[in-house]
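Once you scroll down, you'll see the structures, which are given as structure tokens.
Shared chain: chain A. Partners: chain B in the first complex, chain C in the second.
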Partner chain A sequence: MNKVITPLVLAAILATTPATGQEAGGTLNLVIQPEPPSLMMGIVQNGPTQMVAGDIYESLLRYDSDLNPMPSLARKWEVSEDGLTYTFHLQEGVKWHDGEDFTAEDVVFSADVFLRETHPRLRATLDYVESIKAPDDHTVVFKLREPFGPFLGTFEAGTMPIVPKHIYEGTDFANNEMNNTPIGTGPFKFNEWQRGSYIHLVKNEDYYIEGKPYLDEVYYHVIPDAASRAVAYETGTVDVLPGGSVENFDVPRLTELPNTCVTDAGWEYFGPHSWMWMNNHKGPMTDPNTRKAVMHALDRQFALDALWNGLGKLATGPVSSSTRFHEADTPSIAYDPDLAREYLEKSSYNGETLQLLPLPYGETWQRWAEAARQNLIDVGFNVELVATDVAGWNQRVADWDFDLAFTYLYQYGDPALGVSRTYVESNIAKGSPWNNVAGYRNPEVDALWEQAALSTSDETRQELYTEIQNRIVEDVPVAWLLELGFPTIYRCNVQDLVTTAIGINDGLRDAWIEQ
Partner chain B sequence: MKKGFARFARNRGALIGLVILTLVIVIAALGPPLYPQDPWRMVQRPFLPPFTAPGLPLGTDALGRDVLAGLIHGARVSLMVGLVSTVVALLIGVPVGALAGYFGGWVDDALMRFTEFFQTIPSFALAIVLLAIFQPSLFFIILSIAIVSWPPVARLVRGEVLSLRSREYVEAAVLSGQNSRQIITRQVLPNAVSSIIVLASLMVATAILLESSLAFLGLGDPNVMSWGYMIGAARTVLRTAWWLTFIPGVAILLSVLALNLIGEGLNDALNPRLARRGE
Partner chain C sequence: MIRFILARLLKAAVILMAILVLNFFLIHAAPGDPAAVMAGEAGATDEQFIADLRARFGLDQPLSTQLWLYIKGAAQLDLGYSYRQNMPVAQLILDRLPATLLLTLTAFVISIVLGVVAGVLAASRQGGWGDTLISAVAMIFYATPLFWIALMASLLFSVVLGWLPGFGYETIGANYTGLVRGLDIARHLILPATTLGLFFTAIYMRMTRASMLEVSRLDFVKTARAKGLRPGVIQRRHILRNALLPVITLAGLQAGQIVGGAVLTETVFAWPGIGRLMFDAINQRDYNVLLGVFFVSAAMVLLFNLITDILYVVVDPRIRIRS
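And then the complex of A and B:
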């Protein structure tokens, strides 16, 4: 008995005792790519903004790599039996970077007023919310109209950043001058932004967690060229290359450098999932047999090894394995050229030339499209790559002007937040490249999606989502490719850099440098 | 004609150029049938260095495609782009220059201002803009290269025609009642042809370089294997797999060098008075 308990107790002690070896001080240099348009995360939510501003702003919760909620601005929380009332108890003694006290009113203002206006993705979630109230300075109560399963997963810093009411109330949010000098509650304060060169953050001395953050200051360097970013790491100018900041081909070389560690963790909340759109509206891809032929023709393991350095995983269907309610045991979509030829034989495909749009995000994607085209030609398709820039890609995909098109999207931890949007019929609309572009229609599956989102029991949701995944994989509306692995490359003496499901975005709170 | 070749052959560089170019043309013409390996096909492990795997003398690229196959099939594309775009540029440039030079006056002014309009924009920048507007396909690449390379032809032809049209035989032709079209095509242009040939041989070289530069920037036709594409695709791995840029780079260098040498030799052969300047 003792033997079982001792490690547990030890683990508990280790987990609760701060400063076991953490050293305070030091400067951390990171690359930020591309330069963010703004650091006001309540208004701009693109990747680089979230990466920098995730240290300035906070939300009520953080998430571990299994997407379990952890305290952030909320120290504890309760959910009512009926799944309609969420009560958050806030940390005491939290101050905004300008010295004002942070209270529950700020949370109410942020969620109910500010973000409803500025944050389209959160707005969809807030449609389920009937009221947000602050009974006292340190309690916030969200009341929902109807149960919404993924609700507890929406309190991530980039999804619901808490902004200061005393600065924004009654102003024109988008044009408030304070957007240039963001004020948050986070572990780091904004200090300086030299456009085109660097963003400088300094330690928040009044942070509410004693002793944190450990770092004194943080520089995010703006280096526009991928090769120069790799050189900056080699020469020691930067210590951290966040995922996607160097070309994949450079990753193996960089990771062999001394004192260099690499991890593809820290993207679990986003679950970047790649697939090939297949045009279900018109053309050869309307035939399920043709779609199955495409699916089985693609050698995804090769792409994973040759283009992504083995970082990432083969997708098994619409839901990423890091997203909740993933079902691994779906019908096989494995690489099998013979099976692909069989399906092609059965299909109505008549040698039409398929237009394949690569994702215009750099060399890796271009090579991937070339490899995929070759896979398809090998089983008997005629395929032509269509070269586009980002704007051209957006337009052609939004106008359904393609047969096949590469893409990837984030899943935000829960199928109801980031997966259903790609497959429900209500989300078919020309004009956006991010909705149900493929044009997949299955009323039965639509009903299951709705049922699953409104359920609050995890078991029920798992059953429904398993059913959904099986059904969709059977229909192959798109060709799923990889769960992308974005490697973070960093010096090994930078400790505790990636500890949450959003990785570097909010990881600097706990990071420290071993001298 | 025999005399012309003798003068051409006296330029040793030109002979070397001719040998290289013949080789490239033979490869472009006979290579694909004799070496039918699809250059896009992934045949082996990626990044095999040259001379390490049997059957793959030049190794494989980032996707495990045969570099030799790419080189052979790329020769065809590079040569075709060079030749066709030069022909198209001549088709635009020669008439414009001939009309401007022959008629003079307001026709000359109008046509030359139009030509200058193209000349004031750096040709490479213009080609990029054109390809950004069109879709980068082989057809538009050739068209863009032709559009940016005809102005020098027009200027050269205009200069030649200006000096030829005051010759006695042109006046004789006018007196004999030939119309302007006949005079330009029968009397004037045939005498300007040697200069045009020399310029054209250099334009083919420039067009090959231009196509390679465009492909390097990712503005090539993604469905066509060319030398520029090979270099562009390999530049991200320059430090780990240098041969992927080096091999097609040498191919481009040799072809362009050969064309330039031949241009020089043709100049010696067709303009004998200039050719003896060194003697």
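And then the complex of A and C:
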């Protein structure tokens, strides 16, 4: 006996019904930074690739700002009572950009063959999947080996992009020539890529939702210098500066320009969460008192106000407030230099010089590292900043060659998808900067993580995640900083730019320009 | 002359190979590799994924094998494949070459013409206010960081005055063709080419001025004056021609950098050239692209050195006699 999720079906109907009032036509110009290496979203999963290719490729679902699933290539879905069978009913009349029909076989091929090979993040989720079958052209059934609580949260375009079977089956996926002229089902088709200059997408006239998309064409401008990106907006060349495209100190000035709106919505699914890695493997940070001293020494409110223009929030622990099962009432990690000095006094720290790696992502991060260094010096630490480029940062963090290191990661809406990977012992391994780099070990908490992931009851999961958050905050394996706010700056006559929890990264199918 | 050129070409080939080997080891000595960068960008990864990427890029082979394979390819002008961008390196470079050549050649011409003219003017008014003014302006452009001049030029002429486009190669989406497109590109070229050119203008100006003053004190100039030649003739035929030798040396050096691109100018003005391709490749540890750009720019430096040597012979008959 299956339970049909009625509110979701209602959402499905609403989301596929064209609203009135929107005006069709026009060209939207956005900035893309940095230039993506490829637009084949099944192979490259970085942010810029998704921002552009999110218009070209789709997945089965989208998510609203509260992370509730909404229809995309699936028009409705059912989950069995035991939480082991997920049945998706696909939209009818969907065509690939080359005119071929999209069917359930494409979904099976994408999830079971293509992405298993190319997508490390999804691969971890697919370990829970026993089989993926297509009983007919418009139905896909995922059967799980064991229940996996966040499973319905993994059908986002960046996590499970559906790729065309007729193009990729039997080929060398990574070297397929079609990767440079991507074919998807999305609202926009790839037209041209002048490397170093722009990427041009045009409206998919055969899109399966009548009337959508509204825009005729979209240009993504490649402008490598942050100041020049601001100039591009000021001179009217681009209409949209996606989050993170300009330095934070330029944001107040740009938002005061006429006909300019700003929003920090559209990042709820990713929940970008920043923290400072503390090396629990060796050196002074192995002592919990030293780690607590660092945690309480950091003036995060200053960073939020002065460096991030007040956009974002102070983190309360490992789970972002936009991620499901967030617990706000965790033990205090507030800025308290006196308390930091007390902890430092109790610790085994002997005045060693701590090596702090700033995140090499631009001026804001560099300034933040300088401010943090000053905070730490104020309570009695010796700290030196170690400059690296991105590749050097990756290497040093992956080799645990640091004492403290800034970072931020996406949480993908659910602790089991984007948080546990940073804290479970089974994820300690040199060679990757994105696993449990700090080296936090707590077998009891590991057991709770596993229990929470396998539960399908939201109530049980909330209890377990609350306990996990309290326990981890007590241990302070890393120093949590901010839930980052990335402002999207755009002309106010661009409407419905951000309509989901994935924002601009989810495609511009709803966006329109008020003439 | 032909023997001279052949000998120089042979020497150039050996130097080029040495540069290639040196670059190869330097690049591999830097921390990080393309597999780690790509895996990192995925935001999550496992050891197997990184190992697969390394195997695909050939990074699991011993360094000596990787070097041998690269040299073998380069000898046949095969610069390899960018796995990151899914394209042959030669194609990536050739796509970017026209933009870079246009920018750097224009800047080159601007700097030589302005620099030599300003240098001659300054030298002929030595000690006067004209000399002081030209020298001061040249020093300002020489001493100011290029990226700052670029940003200020962009702010003034693009944001404040609105006269010129502040970045880019052409108006995106305008779909101009023919002459209109040429004019559009020219408008976009003005700011980056002038910014880049002004830096070198200052050097040429200083060099020409100093060299002119030095030559004008030599005996043969006095003789020419004593013979009653007109000052203009002495200036042009006797002083300038002799004073140009060091300027040609400098021009040869600058010309070698033409293909290497101008990283800062291309970055600030979003000019889609090789300098930026190289900059991105460094950040992403895209080894093959990086080696390809270094290979092409080293070859250009050697070629322009050769041309400079030949020009010496043409300009200065004394070198011809000695060789």
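In this text, the second predicted complex is superposed on the first by the 495 of 515 C-alpha atoms of A that agree within 3 Å, B and C clash if a C-alpha of one lies under 4 Å from a C-alpha of the other, contacts with A are read in each partner's own complex, and residues count from 1 in each chain.
To be clear about the criterion, a contact is a pair of C-beta atoms (placed from the backbone, for glycine too) under 8 Å apart; a residue touches a chain by one contact, two chains touch by 3 or more.
These numbers come from a predicted model, not from an experiment.
For the composite obtained by superposing both complexes on chain A, the positions of chain B and chain C are free of clash and fit together. Contact with neither chain B nor chain C is seen for A:M70 once the two complexes are overlaid on the shared chain. Look at A:L257: by the touch rule set out above, it reaches neither chain B nor chain C.
Looking at the shared chain after the overlay, A:L409 reaches chain C, while chain B stays out of its contact range.
Once chain A of one complex is fitted onto chain A of the other, the partner contacts of A:A447 are absent, as it touches neither chain B nor chain C. In the superposed pair of complexes, A:E363 makes contact with chain B only, with no contact to chain C. Judged by the touch definition given at the top, the superposed model places A:I209 against neither chain B nor chain C.
A count of residues in chain A touched by chain B and by chain C gives the higher number to C. In the superposed model, A:D389 makes contact with both chain B and chain C. Our summary of the superposed model lists a minimum C-alpha distance of 7 Å between chain B and chain C. The interface of chain A with chain B overlaps its interface with chain C at residues 227, 388-389. Chain C contributes residues 30-33, 36-47, 49-50, 56, 83-87, 92, 95-96, 99, 151, 154-155, 158-159, 162, 165-170, 172-173, 267-273, 276-277, 279-280, 282-285 to its touches with chain A in the complex. Those residues of chain A whose C-beta lies close enough to touch chain C in the complex are 27, 29, 34-35, 37-38, 40, 44-47, 119-121, 123-124, 174-175, 179-180, 194-198, 200, 217, 219, 221-225, 227-228, 231-232, 234-235, 237, 388-392, 394-396, 398, 409-410, 421, 429, 431-434. Residue ranges on chain A touching chain B, taken from their complex, read 226-227, 247, 249-250, 253, 302, 306-307, 358, 363, 366-367, 369-371, 373-374, 377-378, 384-389. Note for the complex: chain B touches chain A at residues 40-42, 46, 62-64, 132, 135-136, 218-219, 221-223, 233, 236-237, 239-240.
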